[in-house]
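For clarity, chains are labelled A, B, C, D and E in written order, and residue numbers in each chain start from 1.
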Amino acid sequence: MLLIRNLHAGYGDVPVLWGVDLKVEHGDIACLVGSNGAGKTTLLRALSGLLPPNSGSIVFEGRELAGAEPERILGAGIAHVPEGRRLFSAMSVRDNLLMGAYLRRDGAHAIGRDLERMYGLFPILRERQAQDAGTLSGGEQQMCAVARGLMSAPRLLVIDELSLGLAPAVVDQLCDALRRLNQEGLTLLVVEQDVATALELAQHAFVMDTGRVTRSGSSETLRNDPAIREAYLGAI
Amino acid sequence: MLTFQILANGLVLGGLYACIASGFSLVWGVLNVINILHGSIIVLGGYLAFFAHAKLGIHPFLSILVAAPLFYAAGYVLQRTLINRMIAAPVLLTLSLTFGLDLMAQNGMLLAFTADFRTLIIEPPLGVLALGPVVIPIDRLLAMLLALALTGLLYLLLSRSRIGRAVVAVRMDREAAALMGVSVKRIYAVTFGLGAMMAGVSGTLLAMIYPISPLTGTVYLGKAFVVCVLGGLGSVPGAMVGGIALGIVESFGALWFGPENAATLSFLLLIVVLLVKPTGLLGRKGYE
Amino acid sequence: MTTLLQLSGVSRHFGGLKAVSSLDLSVDRGEVIGLIGPNGAGKTTLINLITGVHPATAGTVRFAGEDVTRQQPWQAARRGIARTFQIVQPFPEMTVLENVTAAALFAGGLAYGERAEAAALEHLQFVGLADVAGKRASTLTLAMRKRLELAKGLAMNPKLLLLDEVNAGLHSTEIDHALALIRAIAARGVTILIIEHLMKVVLNLCSRIVVLHHGELIASGDPQSIVRDPRVVQAYLGRRYADASH
Amino acid sequence: MPTGVDAYWLRLGTTMLMYGVLAMSWNFIGGMAGYPSFASAAFFGLGAYAGAVAQKYGLPMVVAWSLAGAVAALFAAALGFALLRLRGHYFAIASLVVAEVLREIVNSATNLTGGGMGLNIPVPQMASIADQARFFYYAMLGVAVLAFGAVLVTQRSRLGFGLRCIQQNESAADMLGVNTTLYKVNAFILSGVFVGVAGAVYASWVHYIEPPDVFDVLYSIKPIVMVLLGGAGTLFGPLIGAALFLSLEELVWRNYLSVHTGVLGLLIVLLVLFLPKGILAFRLRRT
Amino acid sequence: QDVIRIGAPLPITGPLSPEAVKQQRGYDLWAETANRAGGVQVGGKRMKVEIVYVDYQSNTPRAVQAAEKLITQDKVNFLFSPFGSGAAKAASSVSEKYQVPTIAATASSAQVYDQGYKYLFGTFTPNDTLTEPLSDMVKKQAAGVQRVAILARNDLFPLAIAQEMEKSAKKRGMNVVYFEKYAIGTLDHASALSQIKSQAPHWIFATGYTNDLILMRKQMGDLKIEAPVVTMVAAPAYQEWIDGTGKLAENVSSAAWWHPAVRYKGKDLFGTTENYVKLFQAKYKAIPDYAEASASAAGAIFQLAIEKAGTIDKQKVRDALASMNEMTFWGPVKFGPTGQINSLEPPVFQIQKGKPLVLHPQSIRQGELQLGIK
């Protein structure tokens, strides 16, 4: 479904990605882990068109998307929940969610139904729906951001820092929900620092280190890899 | 009795102020661009109405139909070609940019139209509406009503429509809006186009009331500033409330403190309002 | 042990919403106390109340015996209350070093000059950011920014350090380093109040944990009793811990 | 240097120094603290009238100038405490309006200021026209040197550092112990005091002032454009910007009778589009 | 050197730019007419004239700077003052400093000439010469006029005229029931006018520039304000104002320093007033107003002085100006001890049937004062 080949990107003169290769299959939940500053966020920004890559290719469902505008990439079916939430702070929660559905053309009814689904997923958002998103608590903002990403009805949802700032119970619920959505046909690419949670959620995992994907494989294999355990799982 | 007359004067004047300011407020609030050119666009709208009337005999109310799309298109193109190059620039830079453009516009108009004052005289005159001893000139009344209607439409467009939401989203976070699939450049151009349209249309309306010359734009610009800060930046209803508040304060100020102090008084009011409510009457946080 | 921070009957309302309601809490000198609770429970709001960002709707805040309910944030900083921001707040166009120098200068009480910079560099070394000291803060990754927040907090030379999710965005191994770091800070005698959703952090660091829910204290006690408290499991920890405690 | 230079050039030089003072002063509040102030015209006009009225009542010129500086500083302090609570654009407009209010007040205080009829300032008794021109050139130079010194000292001090913090993120600065109100008011005072003195020197120099002239909104706008042209937040930027802007203005003014404002506008547009970080950034990039 | 250079700082841009156009038209007509006749007779030879224009952007200090530039850089022989009393006064110190004979074509305030300067001359009589004859006429022909309302633009000249009006009215025992100023850039006079209406004045006297007074007259119509006498200064002297107010212009009276209907036989290059108006019309397809004529007159007066002095020496030309006593198309020209002209009798006129008719002075009267406005 998604094939990234030899992708190079950076900020100004500073290269950050040094030839990333990555492949996500249809119906997969893939996770991307790696140390601080490895370039995970940069990769996702390049993928969603926020950061034009210097070279390389991004093919999604057969279409080349490297260097395209974010608008076209979203139109192709990739939604990105960015690091730091990036909510529209002086807009209500509800309007934020509706912004997620900006490009959808399947009518107010379908959008309304999805809105209800989001409120079902995160009940607190229903309570806060008229409140300005900027005044939400940190975790509420994260929920709002994920829900907003889902509102675009993507085929591939890319989430940066999935569990950041969420209460443990909420992380569990969210993972359950993502699994359900995955069964309904949504493909997921998730960046997650809590490697244990990530490996539990995902079927495939990629490990990034200083701008390259250094390891990849099924979650099962990686979980049992002592090097990975030492580098990312730490002492329990 | 005088009080009622003054109140009527103030309301009508306020409606015109609201019209002058709404497009300015939109562009400022959404694009974070203080559009110094706004006053000159109003004047251009005035010239359009004047020449349409003088050369072709078209009534200013009809010229609006031409002015609206024309100014929208001009604004759209201007933003796309020039101002969009400065899309993320700090506000003072875009201010300098529109300041430069305004100098060019004023100079251009001076060359094209000379500095003479033109006046659009409608024959037969529309007359006045007399409510007992209170008289209201019909041209002003119509202009005001039309202005308020347009401002209201603009408000509906922004608050109810998908594009309106996109406009606000772009203001809040450009990058996140892009992630939602919003074409930021297009939204900027649309917003600027709407602002120019409001300016051009208010110009055609004002042409029935005020003499037109290339330099009157500065006065309109000054009013737009005050109205839009008074009402709250980026808020179209704010521009309406601010405009009417200003109109009424100026009118009663002129009565109680003499006309030469009316403007000063409204400025003091502005400062006091801001001290009590730092985001203007209807403004919200996040638009500073 | 003496009380450093004392909250009595503190409330904060936003319109109809009671973000914090008549809360009593006291923190002793040298304590490392954990504050947990569901999203939107009022934890960050509580920090904002202590540091003077939001004025309390009711109640009093006492710090080192002094009533500080109405203080301004900068006064709090100079009194020795330092905080980190959950949503990080660096000076984006200044270098990392300058960011920390500012803290050393204005709250840490150092004079303008090289001493402040030297002190700042020490703190950066301590949190492991020394090699990016010359970079602009806006180019840091999220986790690095969190550590920058921590370095700033330290440079303020605080008596009380309020940490709002400084470790979010770190993976497990990195957290182990962070734990060591925070322990070292506590060892210097700094009292620490720590908000974190990573149970690994709170369980390992804190001698006492308080749990906030809908703006109210629902539990308080040592870590072991907290994870077993059914109300806490129900409201906050969820399935995994419920399973674990069976 | 200015000996033997003809009066016209002296006048131009004096004007440049004057705008240099305005631009450098704006940099305190606008460049360092990041508050887009449009109050320069208010300080300038206030200083001009304070100096002129003081001279009218017989105070010696230099004393009158100092008095003008003090008046501007006091005014800035009072105004700062009120207005600096406003953020961003709101502050900008409130500060813009102050000049308008002052202008109208001066306009109505006919007894003291002559109102709309303007005010004549006694011409200093000096040997020759050339001496007079030179005297005011040096006086303005003196003010410029003072302002420059203040910029220099501030940039290398706690105050300057705190202002930069405020500019970057005010609430974070507050949280780090920066007494933001005090710092901002200090910046505002610094941005007012030299402008006030410059206004007073200007009044003595042209020996005739009227409200629309000294409270002209362009005294607020031009220094900003100059700072941007030169490079905001830099030490020499404001000076270079002032010199550049005035040279351009003078050149097009002399060479294009009826289109010079348009040409100037075009130049501003081009500069903003192609050198958005100011002329200094251009030089830095090339070396 | 065979060219006489005269410097003219003008407010070509900025709020005063309409005035600059008028000044420039007047100066150009003179220069062109003089040059077409071969130039100015200086001693034995003829010298062409050249006018050097500089824009001072409607900004007074810039006007001073412009004057200085013209004198020191462009080396002009003589100078026309910048527009209006304020700028003329400010710039006069420069021409005095360099001892350059200067004629102010649009400065009427006595303060401009009170400074003891020797090189400054002006073509406008003091302001009270406008309000005095008018007041006399109203007093005589409309005995019932008692209550006077005055509304003035808060600006140098309009305010000064209004203050003279107040004095003239009081001197004749009239009652000034309303005296207010309005700010520059006012967009609405309705409040002031409503208040004036409630005072039921017999004489409404308003001052301002063309746009102010078009707006004000329209709003008076809207508010149905009527009074036996309505006077506006100075806009009705301009065709633009008459065009801009249409029927509302009817019966509005005014006064100015000159009017195309006056009839003088001059010794200057234009000769009669009719001839001047004819030349002006041929060139600009418009009737000259007083500001335009004054600019031409300033040129013609320089020419007379130069020809009499027989040289362009500044000192000699100044003396010729100081001692001048000639008839021109503008009227008799004789400067008082301060340099301000004192030989003119400014005409009073009224718009009747869309045309201005002279009511005063007696010698050139074209009609009678009509009471009431439509």
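In this section, contacts are C-beta pairs under 8 Å (C-beta built on N, C-alpha and C of every residue); 3 or more make two chains touch, one makes a residue touch a chain.
Here the structure is a predicted model, which means the values were calculated and not measured.
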Chain by chain, through touching neighbours only, how many steps does the shortest route from chain A to chain D take?
2
Contacts shared by chain A with chain E include exactly B
Comparing centres built from CA atoms, which chain ends up most distant from chain C?
E
Calculate how many whole Å lie between the centre of chain C and the centre of chain E, each centre taken as the average of the chain's C-alpha atoms.
76
Can you work out the whole-Å distance between the CA centroids of chain D and chain E?
36
Chain-centre distance (mean CA atoms) for chain C and chain D, in whole Å, is 44
Residues of chain C that touch two or more other chains: which are they?
none
Would you pick out the residues of chain D that each touch at least 2 other chains?
104, 107, 258, 260-261
Under the stated touch criterion, can you name all the chain pairs that qualify?
A-B, A-C, B-D, B-E, C-D, D-E
Can you tell me which positions in chain C touch chain D when the two form their complex?
51, 53, 72-74, 76-78, 83, 85, 89-94, 98, 101-103, 105-107, 111-112, 152, 156
Quick one: in the complex, what on chain A touches chain C?
11, 14, 33, 35-37, 41, 83-84, 124, 128, 135-140, 142-143, 161, 164-173, 193-196, 230-236
Which of the residues in chain D come into contact with chain E in the complex?
6-8, 11, 15, 104, 107, 115-118, 123, 129, 202, 206-208, 210, 212-213, 216, 253-254, 257-258, 260-261
Can you list the residues on chain C that touch chain A in the complex?
14, 37-41, 43-45, 86-87, 139, 141-144, 165, 168-176, 197-200, 235-241
Sort out for me which residues of chain B touch chain A in the complex.
162, 165-166, 168-169, 172-173, 175-183, 284-287
